[in-house]
Structures are given as C-alpha cells and as structure tokens.
Amino acid sequence: MNVADYPDALPGPLAEFQSVTKWYGAVIGVNDISVTLEAGITGLLGPNGAGKTTFIKLLTGQLRPSLGNVLVCDAPARSAAARRHIGYCPDADAFYEEMSGRQFVRTMARLHGMSAVESRERTEQALAEVGMLDRADRTLRGCSKGMRQRIKLAQALVHQPAVLVVDEPLNGIDPVGRRELMELFRRCAARGQAVLVSSHILDEMDELADRIVFMGRGRVLAVGTLPDIRAMFAGQPLQIRIACRQQRELATRLIPWDQVLRIELSGIDELLLQVVRPDDFFRQFGELIQATSFDVSRLETTDTTTEATFQHVMSAAAKF
Amino acid sequence: MSSAPTSPAALVELTQLSHFYGKFQALKNVSLTVAPGAIGLIGQNGAGKSTLLKILLGLLNPSSGRGTVLGFDLVRQRHELRGRIGFMPEAESLIPGMRGVDLVALAGELSGMPRRQALRRAHEVLSYLELDEVRYRQCDGYSVGMKQRLKLAAALVHDPQLLLLDEPTAGLDPQGRDAMLRLLHAIASRHGKSLILSTHLLGDIDRVCEQVIIVDRGSILGCGRIGELRQHSLGRYRLRWRGDDSGFAQALTESGLTIQTTPRAGEVVVEVPADWKTVRFFEIAARHSAILSDVVPEEEDLPRLYHRLIGTDSRLASTPATGYPKS
Amino acid sequence: MELDQAGYRTWEGQPRSPWWGCLSIVRVGLSLIFRRWVFWILIGLGLLNFLFHFAFIYLKATLSVQNENIARFLDNYKVTGTGQAYADFMFAQAGICALLLAFAGSTLIGSDYRQGGMVFYLSRGIGKWHYIVGKLLTIAAVVTIVTTLPALILFIEYGTLSNSFQYFLDNPRVLCGILGYGTVLAVVQSLLIFAIAAWVPRTVPLVMTWLGLFALLKGLADAMRAIDGNRYWLLLGFWDDMNRLGRWCFGSLDPNRIPSAGYCLAVLAALCVVSLVLIVRRVRAVEVVS
Amino acid sequence: MKTTLSACGHLFWLTIRRQLCSRQTLACVALTGLCALIVLAWSRQADPTAKKLAEQVLVPTFVAFLMPIFAICYGASGIGGEREDQTLIYLLIVPITRPLVYFTKALAGLALVAGWTGGSLFLLCRLAGVPGLKLFAMFLPAALLGGLAYASLFLLVGAVFRHGTIISLVYWFFLEVLFGNLPGIVKRVSVAFYVRCMIYDSGGDLQLGPLGRVAREMFLPVSGMAATATLSAAVVALLALGVLLFETREYRDAC
C-alpha cells in the first residue's frame, strides 16, 4: 500500500457539516451546525444532551439530516461510498460475542468488501496497532472491558479510513492503556487521518486534541484550538493560586492593584486571587517579586485547563 | 453471634487471602489492613480489583485465607455484613420497567428496611442526589448520568457504613462527574461513611480519597495514605509563560538548568538544584520579556505514583512501535 | 438551629430478617407484570372467561326462581356448581396462565440474567435462597391470581346466591379441590418456568421450550400410547398430569383409570426436584461470574 | 461493485453461520427431535395410513407448531436479534447500502427457514415410512411457502418494532392460532389458513380437511391456486416493504 491511500492526498476537508439541522419528531437534536473536520485530532466536548451523539450519528450516516448536508470525502454521509472512508468505534459495549477478537475484526474487514487474504493482512495490522496481536484469540465474551475497547478500535481501523470517529474510547481502560491509545490516535493524526474523539474526560482532551468542537444545547458553541478558545475568554477573570511564606505581606501589596478583583487567604500560606487583564498582572507581579524577593513557592493559574474553559463556554452560552 | 464489635479499629482486615478462578489465581495471598475513610482502589484491567470488591462484599468466597470487614467475618457473617454495605456495581444493574423511586425503595427493603421506612428514605436519598424530578419515571429511560446516580441511591438508601463503588464516574459528563465526586466527598467527609472507590480515573481518587490501595496482578503493591506513599518535592518546576517563545527557554538552559519540553508551546519542566530560589525564574523572565504565568513545583501526583509502583515509565514507553507499514 | 434537617440524613433502624425481602420481590414482580400491556391481553382473556362464568352463575340464580328450565339450560354451559365445573374452569384458566408465564418468564427472571438484575438483588442484604424463594413466590402468586382466586370467587358466588349456606356444607371437597389444584399448578409451574427462564433467558427460545414441553410431550405421550395401549406413557404429558392430580383433589378422578394420582404426583415431584437443582446451579454460577 | 458483492456474500454467510450457532438452533433441534419421536412412535401403531398421519401428526404438530416456530426463530431474530444485541450498528457502518443489508439478511433468513422446514418435513416423512413419503410431495410446497411467508413477516416485524420477537409471538398466538381456527372468513387474514388450503387442495384424494363436522362446514376454503398466489405475493410484498422501511428507519435505540 502507499501513502496515497491516506487522505492527505485528498483535497479539501475530510468531512463537512453544511448547516445541518436534525430533529426527531418535535425534539431537536442538532441545530444548524456547520463544521469541517480536517486531518488531526478533533475533540468533541459537551454535556450530556448537547447533541454530541446526534452529531456522531449524522457523521457516520446512521441518521439523515433534516436540513443541510453531511459530506464525508465529498460523498453524502449516508452513501456507501462515504462509509468506505469512515471508521466508527461505537460507544455501546456490544459485539458478536461468540467470536474471538481476531475473527471479529476479520469479519468486519470482509464486510468492508476485502478479499480473504487482504482482510487477514489488514486485521493483523489493525490488531498490532491497538496492541492486541497476541491476545486476540480469546472469545470476546471472556475479554475484559479494556480488551473489548481495543478490539472495537481495531475494527474501526481495519479498512484504513480517512475519518476515524471514536465515541468515548477511553471508558473502562486503565491508565497505562489510556496512554497507549492516546498515542495511537496521535499516530493516526500524524498519518493524515481525521480523528474525532468524543470524551467526557477533559484533562485527557487537554493533552490529546489539536482542535476542539464544543457543543451545547444542539449547537456548536466554539471551534478551535484550546488556546484559541481560551483567548475568546480573555476578558474573563482568572483564578490564580499563589503559595508564599509571606502570605499577609504579599496580600497587602496586592490589594491596591486594580487588576485584582478579590483576594482570599486560604491554608497556611496560600492566596487565591481573581484577576482581570492577566498579562498586566503577571508582569507587575514578576516585578514585585524581584523587588521584594518574597519566597513564592508556587504560582498557578487554575483555570486554563479544558475543564475551566468548558465551564466558561457553557456559562457564556447560557447568557444568550 | 451477629453482634459486631462496637468500634472496629480497622475497616478491612485481610490475612493471606487468595482466590482462584479455576486454575487462574486472581488474588495472591493478600494481607491488608485499612483504616476507615475514603479509600481508592486502583490497578490495571484484570489486576483483581473486582474480585477483591466481590470478596469484600461477601458475594464471593475466598479460596483461602480469611478477613473481616467492619468487624464482620467475610464468610460466616456475610448477610449481616452485606446489610451494612452499599454496593454500586459498574455494570448496569437495574430492573427494567421499574420507576426510580420504587427501585431504590426495593433496594432498601432487600437490605432489611421496613417498607414505609424504605420508601421514605428512597425519596430522601433521591432528592439528596438531585433526582427529584425523574423519580417517578421508569429507570430504563434514564440517561447515563441519572443511572449512575440511581445506582448510588440504591447503594445509599439503607444508610450503610461502607460504600463500595465500582467506576462510579464512568460515562458521566464533566458536570456530572464533578457533581458525583463532590457528593462522594461529602458522604465521606461530612457523614463519616467509609468508601472504597475503584476507578481508572486517578483524578477521581485524588479528589475524594485520602488512602489508596494499588493492586497489580493479584497482589497489593501499595496501601496507605496517599500523602505517605507519595515522594515529595521532585526538584522540578513546571513553568508557563506568555510572550517570547524560545528565548526564555534558552536562557533557562544557560543558567544551568535541565529542561524537559512538554507538548505545549510556552511551557517547560525544569530540574533545579537544591538551593534554587524561585525569584530567579522571574529575573530570567524579566530579562527576556517573558511574562511568567505559572511556576508550579512538581509533586508526585497520583498518576506518577501509580506508574512508579506499577513499574511503567510515566511517559509511556510501552506502545508497540508497529503501525501501518509505510512503504 | 442547624441545617441538619436538609441534606443527607442517617437511618438508625434495626434491619429486619432478609426473608421480608422475599415479599418485596413478590410485590415488585407482580407490579412489573401488571404494568405491561402485552400481559393484559392474556390477563384480559382470563378475565373474560371469569366474567362469563360469573355472569352465568348470577343469571342462573336470578332466573331459576322464575323458570326451572332456564337453570337446566344453563347447566349445559358448565355452571353446575359441581367439582367438575370448577376443574374445567381452572383447566382453561391454567392454559391461559401458561401462556402468560411463557411471556412473563423473560421479564420476571430472564432479564435478571441478561441485564444485571442479579447483581442488583444479590449485592443487597439477601442471599441466593431468599432470591430464589422470592422469585418462586412471585410466579406462584401470578398462577394463583389467574387460576385459584377466580375459582374461589366463583365458588363463593355460587354458594351465596343459592339462598342457603347448605351449598358450602355439601361441597367441602370442591373447596379442597380448588386449593389443591391451585397449589399443584402454582408449585409445578413456578419451579419449571424459573428453571427454564434461568437457562434460556431470551423470550423466543423460552417460549419455544415452554410450549414444546407441554404441547409436544403430550403429543409424544399420545403417540406412544397408541403403539400398545400402555397408558403409563400418558405420564409424559405433564400438563395432563397436573390436570389429573387436580381432579383427584376435586374427587372426580376415576381411581381405576391408569395412571393414578400417585403416579402423577411422583412424576411431577421428580420434575420439581430436577427444576430446583437446575435453578440452584444457575444462581450459583451467576454469583461467581458477575 | 465487486467489493459490494463480496461484502454481501460474506454478510450472507455470516448471518447463516451466526443464526445456526445460536441457542435457537438448539431449541429447534430439540423440538424437531421431539416431533421425530412422536412420528416414530406413531408409525409403530397397528394401522398407519397417510390420512391419519396427516391429520393426527403433520397438521397439528408440524404445520401448526413447528413451521411457525422456525420462522419466528430465524425470521424475527434476523434484524431484531441484532437490534437486541446492539450489534446492528456494525452492519450500518460497513459500505453496503441499507436496502442491500436488509435484503441479504432476509435472503439468509429465508434460506434458513426453508432449509429447516424442508429438512425437518423430509425427516418426519421419512421416519413415518411409506405413508409419510406419499405425503412429502403433498406438504412440501405448502410448508415452504408458508414458512417463507411467516419468515418475511417476522423479519419485517423485527426490523420495525423494538420488541419484535414478542410481537411476533403474540401475533402468532392471537391471529394465527386463535383467529385461524375461528369459523367463518376472519381467518383469511392468517397465513395458516392459506397453508391449509394448499394442503387440502393438493391432498384431494385423501379427503383431508378440518376435523369435526362444524369446522369442516365453516372452513370456506379458497382454491389451491389462489392460496399459492396469495402466499407468494405476500412474501414478495413483505420483503419489499421491509426493504423500504429499513432504508428509511432511523434506529435510535440500537446504535
């Protein structure tokens, strides 16, 4: 096989939502979303009921959009042609239980239209990729949750799709396994595949995703890299934690600053600050420390994590 | 015979406990003493966590060895014991077709509460877990988060002294997870319940537990207060800054510090000598017009502690390098 | 004043004996069945049969005052008030009940094995015997509600409407028959459906096994008897065994006809023991796995 | 095109293999075995005739019981079983269009039902000896068509309703068993009626018919040709309807 099989040879976005709306009866699932997916890892975030599942089902062609188009590699997502380019690792923990992992992946390869020889080869590759080469002969019924997740992933990788959609891939996987799988997603992204990961665990997203799609109440609230999204909330007050042996002296120095909205003494030698215009604050703070040589053992911005950004996005969305 | 010792010093006490599934030994001569409190249970898939939980619950007879939980013998007093334990299983263990409040009340009755008391407690616990609005709906229509809280409600309804939780936050969204952890923390700290929390998310344990049991391949690798197991002060700082990108990092190297770069731009981890003062970071930053926003001493957090004890590198070395052949 | 009235509160009561839990299982199981419309089709069918009889008895009582002939005409429709009539009524109800159980089996028991209900039950303060007894009682209660209870009501109605209480005094055997037949049905069917549902939890195979057991075994019994006229083969038809035993309770089984009530009892008892062994093995297996 | 064909072919074999290796097959084997025992026992009696065999054994046990059971087993579980196990999703993400998925699965299901019906009928007739072999040709077309009609109906039910298997069973009990045996023309909605019409028509010289005078008078049969045509049309129409509904349906529960 050659590199041209991989999607970086294809022009344009790998998948595209063109003002897609989907409703079930009177209930709206997603409302007028337009997003493109490109090579790299995209994280899909949002609380339960935000429309993530609908988004994924639209992308994998299980649902037909009520309005708009979903394109995968320039084919409508519901067509068989589009499904050739999509690998989907579903959330539900269901398999053809009586098969072994290897048989299952091979079956899926055959259902993708591969010949027996080809499917055998690709199965071995996919199993190697998820680190299950030596453990794939046990029947799925007797496999642990982590092994099942990996087999599910192998199944999604076996036809070398341009777009890989993984729904909650890290549920039930132990910390070591998590790292391995995250590494795997990165390799896929590096090959030019578009990887869409939906997950609830924000700190992992923080580490993993190149781009994040925030969803809430059926709409896409924000798209972009984490720093981009964070920059959108630059005006928001920041939470800062400072540990300093001269707790009270430092506090008295900081009170007059107009960037500092609130100071809270917490613990033996800790300060919790709420500041605006952080750049100003940090510059001034640096100068202060150099001038006074207070012994600051910790300076930490506590809400730059995805979790905090998530809170910001959600509260911002609630304002309109 | 059913009277328990008035105040058991140890919550769990196991001596030389083993368990076999056929020939496979799931637990190998485990001896363990745990004081009451919030306890985290971590380990790889298949390390024996669920087996341990099931034995503590009295669902499974250990093949050899003995133990007590809450002062009750694991084998001989298992019914009395189980009435004092709340178990929240990982698998979906609901009875389809039942309303939420009926299910919780049933759980209470099965643990020995009289019917009216159980119903009263069920309402109380459900509203405590913020399920008031859905309590009259059928439980198979609940969302993942609601199901998790319903399972917790069923485990809490008879006011047990010890809660066993198997992956309570699996499948929850961030807000749900946050709420669940706050709840567990409150139950443990404010209401004096003990909990044993088995999870893969080390962050959960960090937030709720003060003790931890680390299981690997059927043996206990570490057991005790997280603070005691942890190695303090690794002599490393994580720095984040705004502005100038590379100059600052270079200046750090020139001041004789070893640098590990992280995947993020504008962030490094530096190793410092013993007599290092943090002021010097600010000085170097000022010289290179970089604005320091984070100076965080690196402690051994739970993931690192875990990886140290399990014996894998914290930065992952074990990924198989085999991918698609690129030819 | 503190806010301890809000939020989590403790409960300080003495836990009751786990056997109380069985009653809860029964109550919940019944509510599960009587809440689903599919079962109401069958329950409705049984109810129809019951109301039919109920109305006939009433008609007979009121009209026979005016015209003796009407009473004799109505007796053609088996509302004679004799043991035979009740046995026939219960036989019909038992058939409906068997259908009901075929569907209810997977709701009551099968789903425990497929959807984690076992873990729910067994991780509470009850043991496996409490669980088994609770479930068996539930099924027995369903059988009783569909068969014995309506028959008892008819019996009381007939007696009350016949102007004197002599009817009750004259027919003690009928009461004993109703209770006896009901018990046989309840015990055998509950054990049998539990055993089958525990091993074949899905609806379709469950229904197939359940029906096959009654319908095909009866066919086999008839065919075997046709070979050489050996009537002991009829024991293979479990459904008829229950019926024969029931009629014996009513006192209307011909004692000289083979097979006799004793043989039926032995066969059914063996069947129950086998079922019980199957049930216990299955519950124990789940304890280990789940 | 070629890849689609090979994928469909694999799906066909996969369906057959999985259905054959399920517990239902065990139950079918057990029931067939019981029927075989009945036939064996029956054939030992003093005076076995073809008419008696048809009336006492084949119609009540095979046509009324075994054949619908096969159809429910392999029909309702075709799509319905995959939905129940939540594995339908795997068929919806492979590059086979939905109509083809349904069609392939239906073909596999129909083949299984036809195989089981034909096979078990042959076995039973064989065991019954000479009278049985006489009846085999007479029963085969009716049994096959009836089985296929049942199977395509239950496939459709399984694809449309969430509790497809239960609904199929309820349908069988009430419409087929209850209505099918009512006197008058109500029974013309049931498959069993047409199957029996075909049997009675082809078994003309044996004077087959419903037992009992009233039942015989109130049976009101249609001609064998009409029954055959109705059943064949039903199979085709139900299949087409199934394909159409499967294409447009969106499974929210199963995926």
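Quick notes
The chains carry the letters A, B, C and D, assigned in the order they are written, with residues numbered from 1 in each.
Just so it is clear, a contact is a pair of C-beta atoms (placed from the backbone, for glycine too) under 8 Å apart; a residue touches a chain by one contact, two chains touch by 3 or more.
Note that the coordinates shown come from a computational prediction; the quantities given were computed from them, not determined experimentally.
If you average the CA atoms of subunit B and of subunit D, the two centres end up 54 Å from each other.
Mean C-alpha positions place subunit A and subunit D at a centre distance of 49 Å.
Between the Cα centres of subunit C and subunit D there is a gap of 31 Å.
Inter-chain spacing, taken between the CA centroids of subunit A and subunit C, is 55 Å. Across the assembly, subunit B contributes no residue that touches 2 or more other chains.
Contact topology of the protein chains: cyclic, one closed ring where each chain has exactly two touching partners.
Applying the touch definition to every pair of chains gives A-B, A-D, B-C, C-D. By the touch rule above, subunit A contacts subunit D in their complex via residues 24, 57, 60-64, 79-81, 83-84, 86, 88, 90, 92, 94-98, 107-108, 110-115, 155.
Listed in rising order, the residues of subunit D touching subunit C in the complex are 23-24, 26-28, 30-31, 34-35, 37-39, 41-42, 44-45, 57, 60-61, 65, 69, 72-73, 76-77, 163, 165-166, 169-170, 173-174. Subunit D contributes residues 2-4, 6-7, 10-11, 14, 18, 21, 85-87, 89-97, 250-252, 255 to its touches with subunit A in the complex. Subunit B makes touch with subunit C in their complex at residues 21, 57, 59-60, 78-79, 82-83, 87, 89, 91-98, 102, 106-107, 109-115, 117, 121, 124-125, 128, 154, 158-159, 186-187, 190-191.
Taken together, the subunit A residues at the contact with subunit B in this complex read 1-3, 46-49, 125, 128-129, 131, 133, 144-147, 160, 168, 171-180, 183-184, 187, 191, 200-203, 207, 278-279, 282-283, 286-287, 289-290, 293-301, 307, 310.
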